[in-house]
Structure formats: C-alpha cells, structure tokens
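What follows is a single structure, written as structure tokens, with notes after it.
The letters A, B, C and D name the chains in turn, as written, and every chain counts its residues from 1.
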Amino acid sequence: MKFYNVKVEERKELGNYTLLRYRWNDGPIEPGQFVMARAAGYPVTLDPFLARPFSFYDYDGETASLLFEVRGRGTALLDLASTIEVTAPLGKGFRIEPDLGRAALLGGGIGVAPLKVLGRRLDAMGVPYDVFLGFADAGSAVVAREFAGAEVATMDGSVGTCGTVLDTFATLEDYAAVYSCGPNPMLAAVKLAAGEKSLCQLSVEERMGCGNGSCNGCVVPVRGGGYVRSCVEGPVFRAEVLAW
Amino acid sequence: MKFYNVKVEERKELGNYTLLRYRWNDGPIEPGQFVMARAAGYPVTLDPFLARPFSFYDYDGETASLLFEVRGRGTALLDLASTIEVTAPLGKGFRIEPDLGRAALLGGGIGVAPLKVLGRRLDAMGVPYDVFLGFADAGSAVVAREFAGAEVATMDGSVGTCGTVLDTFATLEDYAAVYSCGPNPMLAAVKLAAGEKSLCQLSVEERMGCGNGSCNGCVVPVRGGGYVRSCVEGPVFRAEVLAW
Amino acid sequence: MVVGTNDPNLAVELCGIPLLTPLIPASGTLSKEALGEVEGVYGAMLPKTTTPVARAGNPPPRVAETPAGMVNSIGLQNPGVEIFLQDLDVFDLGIPILVSVAGDTVADFGGLCERLAGDDRVSAVELNLSCPNVECGGLAFCAGPASVEEVVAACRSAVPGKPILAKLTNEGVVENARAAEAAGADGLTVINTIPALTIDARARKVLVRGGLSGPAIKPVALRAVFDVSGAVGVPVIGSGGVVCGTDVAEFMLAGATAVQVGTASFVRDPRDILDEFSAYLKNGGLGAAELTGALRGIRPTLTGGRGR
Amino acid sequence: MVVGTNDPNLAVELCGIPLLTPLIPASGTLSKEALGEVEGVYGAMLPKTTTPVARAGNPPPRVAETPAGMVNSIGLQNPGVEIFLQDLDVFDLGIPILVSVAGDTVADFGGLCERLAGDDRVSAVELNLSCPNVECGGLAFCAGPASVEEVVAACRSAVPGKPILAKLTNEGVVENARAAEAAGADGLTVINTIPALTIDARARKVLVRGGLSGPAIKPVALRAVFDVSGAVGVPVIGSGGVVCGTDVAEFMLAGATAVQVGTASFVRDPRDILDEFSAYLKNGGLGAAELTGALRGIRPTLTGGRGR
C-alpha cells in the first residue's frame, strides 16, 4: 500500500482527543471514508508495525484532519508525531439521499469523528439534521462543542444526560435517515432503535491489517451468511446488510 | 539493565560524525569505558530492539559526550533524538601507568572516540603522548582538528598521508605505551607494530547483546584458549591477552 | 553481468518460467482492489489460495498486531475454484500467474490440480500444504513427510504440464522439502506463517489464534530457506518477513530463486522494496540471478521446469 | 484476594516451591555481574545452563539484532558443573535457586542431576532439552518425544528429592510436553529460542546461525504455553519475548504459573516489568496466582512438587 509522508500542519487537543491537520489536495474525500495512518519513520522504524485506520474528521479541499483518542502504542506515537504517513482516502463513506428529509447523526465516543465532515456535507446539500453524542466522561465530551446544538450524554453523568447516546432521544421514528459511528455494540443498538423504516447507515469498527482489501482481516458478518471486508465494502454499511 | 533517560544538551556535527552531550554526574567515567545507548522511546517503541555500545568521547564531571557515526537504524534514530537512554559507564577502560614515559594514541575511523577523554587524562597526569589517526576520507577526518598535532592519514589521500593510521609513523619503538581503538583488523596490526616491549592496550569492537556481562555475546578469543566477554573484561585489553 | 550499466538485471528464471523481477506477492496478501499499485513490481502474480468449494472463513477478529509482525486467522475465505477461475482475468497484468490451492484431502488437491491443468492462464500451481488456520485442513494431514509426499505425488500426476510448487510450513521443513522433491515438486515455497496466539490482557481473552507473519519471522524463514536450498535441488521461493530490499537480497543469498512479499505490502509500497533491491544490486554490480545461493556458492539447479 | 489493598499479592507456588514473584530470569540471560540490579524482582534465581565439563562456546559473532528480537549463538559457554557449583553462592539472593543443566547424552543429564541431588542450595533442576546452538547436544537427540521421555526419566530417578522442569523447544512442543510429564517432569518451561539465521547482505555472509528470542517470538511462545498447559497437568513456566508487565499477564492467562524474563533484561530494567505487572494486577484487583489459566478457567494442578 502506498503511504504519503505529510507534515502535521496543526495539532490541537480537544479534551481527551487529539486533532491532527495535514495538507490533502489529491482527490476528493467522502464523509465516512478513512485513512491508514502512523507516525512517520518507515522503513527506519517498524514500530508500530501496522498502520491504524482513522476516519476523516474534517476536510476543506486543502487540508484534512483526523481526530483520535490515544489508546495504545500506535496512537501514542501518532500523538507525538510532527510528520505522519497516510494513505489516500479508503473505503465507502456515507451515502446521502438529499430528498429523504431530516437526518439523525449518532456518535459514540471517538465515533463522533466522521460526523463533523458528514454534517458539513449535509449542510451543503441543505439536509436538516440533529446530532446525538455519547461519551464516557467530560474529558471525552469536550469535542461536543464542535457540534452546535448536539444532544450529549456521558456515562458518568458529568455532562448532559447520564447514560449512552441512546438515552439522548426518545425515538428515532421521525428521522428519515440515521447515520451512526461508534463501538459495534452501540451500532447494533442504534440499528434496533432506528427500526426498518429509516435509511440507517453504520460505520463499523473492525481490526484492519491492510485497509485496501488485501488481507481479508476486517470482515463483518452479512445477512445471507458469510463475511465482507469492511475496508472496501465499508466501513459504512446499510444497517440491514449487517448480520448483527 | 537499567537505562537512564537523559536530555541531549548539545548536538554537533563533526564532519561525518555526530557528537551528543548529556548531563552525567552519577559517578566517575574511566577513559575507554562505554555506555549502551539508544534513542528514547521504550517501552512504547521496540525499534531498534537492542541498545548500542558507544565509548565516552569526553567527560568534564558534569556532562558526558558520545561521538558516533551513523551506520544503521540504531545510530540513525540516535542521530535524530532529543532524548536518549543510556546506561551507567560500563566495562574496563585504559589502564594508565604514569611513569612509563611517552605514549602513542592510535585511532582508526570512529575508533578515535575514546582517545579524546584518554588524552585529557594523560594531560592531567602529565604523561606525554602523540596522536595518530586514520580515516576513510576527509569527511571522517574532520574530527582530527579536535586532536591538536595529530598525525593524520586518509584512505583516499584527501587529508594527510595516503593510507591507514599505520602509515602515519615509522615505528612505535620509542613509545613505552600504546593505546589504540578502531576496527579489530587494525588493532591486530597495531599489536604487531607495537611489538612486545611496550604496554599496548586495545579497545576491541564486538557485537553486544547486553553490555553488562549477561549474554556472553561480545566475546574475544584469549591467549591460552577460550573466550572472555569484552563488555566486562574489556572493551580495553592488553594486546598480549588477545589471541589475535 | 550488469556492472556499470544503469539498471541492474532483475530477471530470474523459476522452474523454466522467466520472471522480470524475483518478487512475487505472497498468496492471500494482494487483492484485486490493490492491483493498480503494483504494475511492474512483481515477476509473477499469485492470488489468494483457492479451495474446491467456497469458504466463509473465520469469524472476526482475524488480525492482531504483534511486535514487528501480525497474527492472522482468515480461514482461507475464498469463493471456491469455479468462481475464482471466472474472475482470474482481473489478475492478468501480463505476467505469469501462479495459482495457490488447498484442500482438506489428497483428493481435493488432486481435483484442483486437474481443474487447473487445462487452463492456459495458469503458469504454475502452488500447493498450500501449510495453512495453520484451517485446523481440518493443511496442517492436520500435511504435517509430515508421508502426507506431503502423497499430496505432491497426486498433484504431480494431475497437472503434468505445469510446474508445481509445494509451500511448506517451518515445522519439519527440511524433511518435508525432501519429501516434496521426491514426489516431483518443481519448486518449494518456504515458509508459511508460524502458528501463534495473541491475548488481550485487559479483556482477559484470546484475541487471535492463527499464523505469525512479518519481519518478526524473517530470521526463522531465512534459516529454513538456507537449510532447504542446501538439502534439495529444486528452486526455493523465500517467504517470511521481507520488508525492504536488503531482505530480498538476504533471502536470495540464503538460496532463494524468487522472493514473496506478503505482510509488508500492507505497510509499505512494494515498489519501494523493488527499488531498494535494485539499488543493492547496482551497488554490488550484480544481477538478481547471480545472488541465489551466492553466500556459499550453492545454486539450486533450475531443472524440472515444465514451462510452456 | 487483594481487592482494594495497596500492593497486589505477587506470590505464586511452583512445584511446591513458594515464589515471592512469578518472574524468573531465563537461563543464560543474567550473569553474576548484573545481580546487583535485580534484588526483589525475581521469585527464583536461574543461572546459565551448566554442562558436565567446561565449554568454550562458539566463535564470535554470537549475537545479531533482528526485528523486535535477536539471534544468539553462544554455544553454552560455561565453566562446567564443578566450578559452577563452587561459585553458586554468588547467586544466593535469599530466593530459591533453580539450576539449568544440559548434556550431549542421557548419561550426561543423569550424571548432572545426581551431582545436584545432594546440594541443598538447589531447589529444582531445569533440563535444557532444547538449546538450538549445540548441534551435537539438545536438539540432536532431544528432538522427539521418545528421547525427551528417556532423558527426563533418567533425571527423575537421579534427583528424586527435587522438582525437575523440562525446558522444551517450540517444535513438537505438545507431544514433547506429554512425554516429559509421563516421564515424571514436575513442570515444563516453554519455550526456548527458535532456530534462526541472520545474514549480512553487504558482506554477503552468514552473520549468526542460532536461536531467535525477544518480543518477535512472543505470539509463538504464547500459543505453545496455551496448548501445553491445556494438554498436561503439571505447571508450565512461560518463556519467550516477555518485555513488559502486560506480557507477563498474557503468559499467565495463557496458563503459565511463572514467567521467565530473558532478552528483555538486556534492554530494560526487569524491575519495571514487575512494576507494570503489579499495576496490572492492582487494576484488576487480582493476585498473581489467580491469573494462571484464568483465560479459560483451566489451572494446572500444583501437584508433583517435591519441595524441600
């Protein structure tokens, strides 16, 4: 897989999360697409060995930004990096059908990442939407301020409703489209809450080896049996496709 | 093995070589002793896996400095580091016998490293000495200016005599003591040139796993058969001890 | 010899098949989606192992990172040989296509080889005798020399017109290599992933039980290639942990005629690996073919090629 | 249980021998010169393998770095059992001393065990059945279950009063483990280094042919520990690539009763590894002994201890 060496133009901390911005004018980016990224250093350093998948948080045609949470060694190194290596945009993003009506954007934890650029796209297309976000605590919830008017919940109750993103709304029935990203268990719950009537799209989170379809590592079970690769068929899937 | 995390106080390029200076006031340093060092990052990064041995280039009681040549990934990373991890001084250095008379210091390539602090010690003890240095080319020979009055040779003849350090003198007979560091083949030649009469000490260069005697990896063959560990019995050996 | 010329000669011959470069994508590590990037990099194409009927593969998680490597447990997910052959043309980049096959029984292997025997698009067949993830497959009945010999012999007679390459696991590799050669294998691919396990200590559960690949296993693979190429006369294809041009050189010096790039293609552009290898050759004024076994003067004989 | 208390309980019992911590220095990776640093870190001491007579070891180079690991070919350099025992007191840090032995024949092993049988300083004997660097030794005649059983049986009767631990290589580890248990081993150390080779591509020569150790082999060692502890009833000591506290936890979750730290002690202070492991336990409100096999509820029985 080809990696591009890019300078970190801006590094900003949004509570527990880190935002990295870098120049990207090599082709369009769809909301929901992702990159494989790591701190620069190959081939001099092989650690971490694999690149990590990150959704695009924002994109203005000139610069793209990633928003991430430091979890293990890969993100720890990324957080310190002044130069990073990224792939071209990967995967299939959110499909937007402009004429459906009001949309709901649901994010769980760092799953909020792809919703920013998705919101921009919806604004541009004049699609009305509401944002519902769930976080572990206040430190993670800081990013919520980037989503004006969002309904927020935290597990520890320190900000907004006490509970998960699913506790931030009574029903999703009034929404023609539901777009969601977060831990898989949350997505399964969102799928249930969204029901059959709406167009529900979920950005799944699977471990990836390559990001370009080569390893068959990132699969999700699909209705009708078998598995498909979330890095090329996804990461965004229509809820009804997933055998969850 | 215990590693100390130290800031790089100064980084200076001496031609092809890099000098790194860091604070070290935790005990004395003998000329010829070495440290195991690597760019900081453990345990987050495991690359390179092993630390590398480096002789002390200089030491003023407050700060110690290393002089190194970038060869592979370990030194490449070290060259970029703003913080490094070093062990306490290791091994046995040069034994100095003040009353012997004039000494000859012979360095080959980066083997010049331990001769700087050795020279300081000889000065302090009032021992007269001459310095003979051999390098591959002018870029490596730049460091020679740190050794006033040194006889210099380069393989490509770009600086000083054309040839090796062995071509910079007619004979070593007049020297009561010979101190040398460089590639092992050069050391073997120095041993021959020094003959039996003088006190000849050689700082050998073997691959090391640990640096503290634990792995038995760094051995040199000794007279009388068998091998001894150069990291604890050396790296400086009396020439006659080595079965070269 | 290419001393002084500007681009070193990268060509090698594998079982009578001329390869423009000694690099081959390791089976299961290059999908059709990624083909666009590899024009001119590889000397032959080698898609993921195919089986008699479709396999859904193992449930996720299927991959886990490890120090300088990864553990995978894909479970040979593939559409089965018939659909595989329908789609094979997409892998046609104008270079020879090698096809990797695996089954649960000797009959499976034989049947697959028969199916491929008549297909002109297939230059050679690689027998995956070593997939550590299909408990009922590869390992189970291909663990020892006896079964290796049986499978290879069956395939040998099933596909008389094409070279067959036996892909071996590290465990017992030298005995298995001798058995494969005796049974008529034209070449050997050494090695497949090494059985391994990863654990998620926080969740206190097994993460992935599968095969280890990547630079971590390079020294093990190098030893296997060195020992096998010293023990057999057929060409050896190195596989295991190649991540840069020097690694390619090391495998060829150890005795490999060609070298597979697998996991590395997930984390680097394989073209960089070829460029680095090319620079290495240029530096030494060598051609790729001269490297094979140069370490000790041994060069596997290139006989046994049934090249078309 | 230690929930809520400030320092978790690190103690474990190995073949009836109480250990203050589950960490043990892997044989051949801790010399007397380095003992000063390890006070309080290890639950038992384990010096480098000793042989009937002195061995000079292999010529340098003996070590080479590899991705996330190293290959060594020391060749069991040691002064022989008599001098070893004369100097043994320096290894007395007030914790149990395990002694590793190796020989070229069954008689060698038996003789070494007899020599140790009467020495009260020795709490247990580890049989190095697996050193890949002594071609005429370990591997050569300890490759299969039959020879493993023979050696262990001989040692069992030679040293009736002390636990014996059979240290196994990865190849064929489960069968060899069953054979060792059947022959009376009280415990098993899994695994030793993995046969490997490094090449200097620039010089075009073999650099080191020996055994691979370090994080690179951790996933392979974890699988061996998991499979072996599921197949035998005696305690298993994990060895292979431990470099941090989480690694220790992973090995114990996989089924290890104690864990050896080898190569990591060259690149880190082993005390940090213990501290990290301690923090892991505290985090989960666990004691070290509770981890063993917790992954699947299996805990090796602690019978067979012949503790003094």
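Rule of thumb we're sticking to: a contact is a pair of C-beta atoms (placed from the backbone, for glycine too) under 8 Å apart; a residue touches a chain by one contact, two chains touch by 3 or more.
Only a predicted model underlies this, so the values are computations on that prediction, with no experimental measurement involved.
Chemist: Just to be sure I understand the contacts, which chains border both subunit B and subunit A?
Modeler: Intersection of subunit A and subunit B contact lists gives C, D.
Chemist: Which chain has its C-alpha centroid farthest away from the centroid of subunit D?
Modeler: A
Chemist: Could you quickly compare B-C and B-D and let me know which has more C-beta contacts?
Modeler: B-D
Chemist: Can you check how far apart subunit B and subunit D are, centre to centre, with Cα atoms defining each centre and the answer in Å?
Modeler: Subunit B and subunit D have C-alpha centres separated by 36 Å.
Chemist: Where the centres are mean C-alpha positions, what is the separation of subunit A from subunit D, in Å?
Modeler: 45
Chemist: Please set out, as single numbers or ranges, the residues of subunit D touching at least two other chains.
Modeler: As it turns out, subunit D has residues touching two or more other chains at 66-69, 214-215, 243.
Chemist: Indicate the residues of subunit A shared as contacts by at least two other chains.
Modeler: Those would be 46-47.
Chemist: Determine the shape of the graph in which chains are vertices and touching pairs are edges (line, ring, star, complete, other).
Modeler: Per interface graph, the chains form a complete graph.
Chemist: Per the contact definition, I'd like the list of subunit A residues that touch subunit D in the complex.
Modeler: 46-47
Chemist: For subunit D, which residues count as touching subunit C in their complex?
Modeler: The touching residues are 66-69, 71, 171-172, 194-199, 201, 204-206, 209, 212, 214-220, 222-223, 226, 241, 243, 246, 249-250, 253-254, 280, 284, 294-295.
Chemist: Could you list, by residue number, the parts of subunit A that touch subunit B in their complex?
Modeler: 44-47, 73, 76-77
Chemist: Can you list the residues on subunit A that touch subunit C in the complex?
Modeler: 1-3, 42-43, 46-51, 74, 206-221, 225-227, 232
Chemist: Under the stated contact criterion, what part of subunit C meets subunit B in this complex?
Modeler: Subunit C reaches subunit B through residues 67-68.
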